[in-house]
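Some structures to go through are shown next.
What follows is a pair of complexes built around subunit A, which joins subunit B in one and subunit C in the other.
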Partner chain A sequence: MDGTYPAGASRGLAWATALYLVLPILIVLPVALTDQRYLSLPEHGISFQHFRTVLTSPAWLGSIWQSFTIAVAATALSVSAGTLCAIGCWRISRRATDLVRVLMLLPLIIPSIVYAIGLYRYFGPLGLLDRFLGVVIAHGVTGIPYVIITVSTALAAFDPRLEQAARGMGASLSQTLRWVILPRIAPGIFSGAIFAFIHSWDELVMVLFIASRDVFTLPRRIWDGINENLDPAMAAVAVLLIFFTLLLLLADRALRRRNEG
Partner chain B sequence: MNDTGRVSAGWWLLILPAFLLLVAFYIAPILQVLAISFTDPEPGLGNYERIFTSGSVQRVIMTTLRICLITTALSLLLGYAIAYAITLASPRAKGWWLLAVLVPLWISVLVRAFAWVTLLRRQGLVNNSLMGAGVISEPLPLVWNEFGIIVGMVHYMVPFAVLPMLSSMREIDPRLLAAARGLGASRWEVFRSVFLPLSKPGILAAAVLVFIFSLGFYITPAILGGGKTLMVAEWISLQILDLIRWGLGTMMATMLVVAILVTLAVFSRIVDLRRIFGSGG
Partner chain C sequence: MSETRGHALTLREVSKHYGSFTAVDRVSLDVGQGEFLTLLGPSGSGKTTILMAVAGFVTPSAGSILLDGSDITPLPPEKRNFGMVFQGYALFPHMTVADNVAFPLRVRGLSRADRDAKVRAALDLVQLGQFAERLPKQLSGGQQQRVALARALVFDPNLLLLDEPLSALDKKLRAELQEELKALHQRVGRTFINVTHDQEEALSMSDRIAILNHGKLIQHGKPLDLYERPRTRFVADFLGKSNFLEGIARLPTAQGFTLEAGGLNLAVRGTAPGEGARCLLSLRPEKIGLIADGATADNVVEGHILAWAYLGTGYSLRVATPSLGELRVALPAWQATIAPSEGLAVRLGWSADAAVPIEDDAA
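And then the complex of A and B:
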């Protein structure tokens, strides 16, 4: 066997895997532009009719707006609670906050189906089923880990002596937070906000259980579409979602680069 | 001294909102619903007995374990190839490889499942082009079965496999590889007796991560399984929403949580969990 063979074979496999990861996602673009009325590639030319269908449909627009407002509110909740918690854990000794840290990571570990059936039962007596507030709480609480991870990463690069200096010169806790710590870790908070936003914006499993008619988010409408009528309008929605996600990721990358450079 | 005590109370207050939110709206609902598995329809361990007596409960557990193991193995293989390529790539190429891994990670799981349905169904793009090319005369059953679930799940899990493996490969000192090569080892030997053993912690971390994520996966198996091949998450949802059998559904949910926590506990001795969940600490 030739000495370079393993490198060659693994390279081939890596390329194949990269194509497997990316191509299926790209395929929705031509399907969304089809001139046919069923899921297919364009036959005689491209058409934007399916985008028009989606962007003029009150049902789709309503769901997009609802998902957006829920995601904004949930992100606000995750970011404020998560940032404060990460700062607290960072400043207090490591061992004392171990339990808190583990607790905060639970939503990443425990499957959402388990949480969803829990909420289904828990929100009933509280009157939070099928309510905007209920979904915001569910998404906001489960978004906290993303913020904690990004903010903790930002804090790891922060010199604790700056904080001690500020306190030594007589700044109160809130002044230190406002003027010394928060500006330094702003990029981490922003990344956390983007991830918490995407988390809520894409979340389906909880919504399937705790929302039914009044709250009908975008993922819920896509889910119904996939299960009931597979038409090119679904592909158009998929394309819009992909562009939106890419935009958020680019914003995150640009901001990080500006802060590093 | 008095002052530091007060300061530290202030910092504890910062933790409080997140802590209370999590206890009141995360821990409490989960514990409350898991408790139902011991009380519904009657107090006792009746629901857990079903694991040993009910064929359908055993079938769903076996299906889930089988799919998860296959998914984990495939994701590790494909993820390793990508992580290896990223490690060897030039800085410029690295960025593109990473993009290919990270972009799918953040694209909605629904969009990805939809894309796979478009490709794999009976009149889908794959079957249509194969039939158009005359390779097959009948559409292949590519989706709404276990094959479809695995294709979609591996697609979802590969990025999660790549990230821990990549971070452990980054810690491998390239001079070790150069030294082995200088001592006369072939590339294959360098890989097998130096690189591969050194990347083992990353492989293990990736395996744990992909396996526990796969166990409770709902959306992709539900869409690509078409209701015929049931994994635990969809089975739980069926018990609760359609059959209103809370006892059975919550029993399986409890088993799912226990399985995940036990896996994590066993491997936390071998694997650095912080590597799995980023630099959270």
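And then the complex of A and C:
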């Protein structure tokens, strides 16, 4: 049925969809530059005062630092567990490992609010509520699927004869892993790490359940800010977040391109 | 290096089953010190499975593998100290040529200085000294193949295993590397076990060939012996080309017997299978000659050319004979006494020792 729709109409639809996706992100940019004291568009001119507020406020900086350290620790957890799991499934490669791989994707499939309720129930007795470690575990475990997906993809392109060759030449499993397998799948691991980091960095639902006062991540502070007052500083934070995420995604792209080239 | 530094390998009743499928069926074979043995067979014959079992990547379902008399069957591949050249070479793409060759030495914890000296020697052995700092993908197929050889030899392996080492190369390069590989074998004096489905490669390089089919070892021996005296129809057909003549054995003679086939009495040298027994002969196309009118040979049959092809080195003819059916004939071209054409009447002749009695193992 080619040519049934005029080319202009489908192109217009595509642009509308793209704008629909991008506009809500772009709207925070003028809002962050407002000269007013509440969440609004600039009236008399643009002002960087809200960026100044964010970058000088101990509360905002504290949350940024806390989110960053949690994301780094959670990423380390996701990457090591996810990479080992993906390599294990790839090496054994039976029907049971396919099941393991699907199981490992559950955190992506199950709504995070369901997860959060469960975590809340059993983190209490363990004393992990409102603890740095608790949030790291929660984010780290739910970040595993991203690593498994990217590392499994990298392994699918890995020639299993390279592993045989290494072992045939006398390499132990850990030598084969360090010198042959890991260097070949490093781009996949880095991609997974970036996604796991982003996942932890902007995660809110679980944090709402398992943290209250001591652990107060950046998304949590934005959420509270929206609920309590309409401080444009939140828009400034949002802009900073967007740039940071964009940077990470560009790093991922650059890495992939370098690897393909 | 005239001394023999190779090791001897023995396969004792080795079998490998995958579910109900038998990939290798009770294969027993001795490989002598410093020998170049080729496992030859069509795909699915079990030759690669045997090589992988020797390397340690496949665990035999039954039987044992011995190196210089001691059982190595339970050893994992990394403990066997065998060099291996994989199909497609399996060079590490993220390492330079020198790092690839140094890998087995690095694994063994050699110092950098020792490693460098051995890597240089190994690369010189395969004439790739000046390519040490290149990446594998910057080399041609033949060069990659030689890097794989250097890497497999650099750590003084007990055996060198070659899995279809030349199959990825074009025909001319393959012929060159066959000679090189044979010369290398003589230089290093190690035991080589090679797997191929290419009969020409097997004939030209090996000290000995083991022919496999459906997981069974059909026959093994020196290339010349296998070619001249195939034991079964499969061997005669797989190693070179052959005509097959079927008949009844009659009248043992002084040097052989007579085969009654298609109303003819053919003279055959060899042991008679017994009066009245069914008998199959293998007759190589190049052992059949054209006979001028009036001339004689031990066996003569008349026919006419069905089809012919000029191959540079010779003519390949398909001749229809009323008594023996269709026969393939190979003639040297430059002194051929005829100009072949379709329908041309010819007299074919061969001596009594040209045809060899074989077993019929065709399914």
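Here, the second predicted complex is superposed on the first by the 254 of 261 C-alpha atoms of A that agree within 3 Å, B and C clash if a C-alpha of one lies under 4 Å from a C-alpha of the other, contacts with A are read in each partner's own complex, and residues count from 1 in each chain.
Basically, a contact is a pair of C-beta atoms (placed from the backbone, for glycine too) under 8 Å apart; a residue touches a chain by one contact, two chains touch by 3 or more.
The shown structure was predicted, so the numbers you read here are calculated from the model rather than taken from an experiment.
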Contact-wise, after the overlay, does A:Leu55 reach subunit B, subunit C, both or neither (first, second, both, neither)?
neither
Scan A:Ile222 for contacts with subunit B and subunit C and give back first, second, both or neither.
first
Once the structures are superposed on A, label A:Ala138 by its partner contacts, choosing first (subunit B), second (subunit C), both or neither.
first
Quick one: is A:Met234 in contact with subunit B, with subunit C, with both, or with neither? Answer first, second, both or neither.
first
With both complexes overlaid on chain A, does A:Ala76 touch subunit B (first), subunit C (second), both or neither?
neither
Classify the contacts of A:Arg167 with the two partner chains as first (subunit B alone), second (subunit C alone), both, or neither.
both
Let me test your reading of the model: by the given contact rule, A:Leu255 touches which partner, first (subunit B), second (subunit C), both or neither?
neither
For the three-chain arrangement built by superposition, which of subunit B and subunit C touches the greater number of subunit A residues?
B
Once the structures are superposed on A, label A:Pro183 by its partner contacts, choosing first (subunit B), second (subunit C), both or neither.
second
Common interface residues of subunit A with subunit B and subunit C?
167
In the complex of these two chains, what residues of subunit A are touching subunit B?
1, 3-7, 10-11, 13-15, 17-18, 20-22, 24-25, 27-28, 31, 39-41, 77, 80-82, 84-85, 87-89, 91-92, 94, 97, 100-101, 103-115, 117-123, 137-138, 140-142, 144-145, 148-149, 152-153, 156, 167, 173, 198, 201-202, 204-205, 208-209, 219, 222-223, 226-227, 230, 234-235, 238, 241-242, 245-246, 248-249
Can you list the residues on subunit A that touch subunit C in the complex?
159, 161-162, 164-172, 175, 179-180, 183-184
Within their complex, subunit B touches subunit A through residues 7-8, 10-15, 17-19, 21-22, 25-30, 32-34, 36, 77-79, 81-82, 84-85, 88, 97, 100-104, 106-119, 121, 123-125, 128, 155, 158-159, 186-188, 191, 212, 215-219, 223, 233, 236-237, 240-241, 249-250, 253, 256-257, 260-261, 264, 277-281
The subunit C residues in contact with subunit A across the complex are 55-57, 76-84, 86-88, 90, 92-94, 103-104, 106-108, 151-152, 155
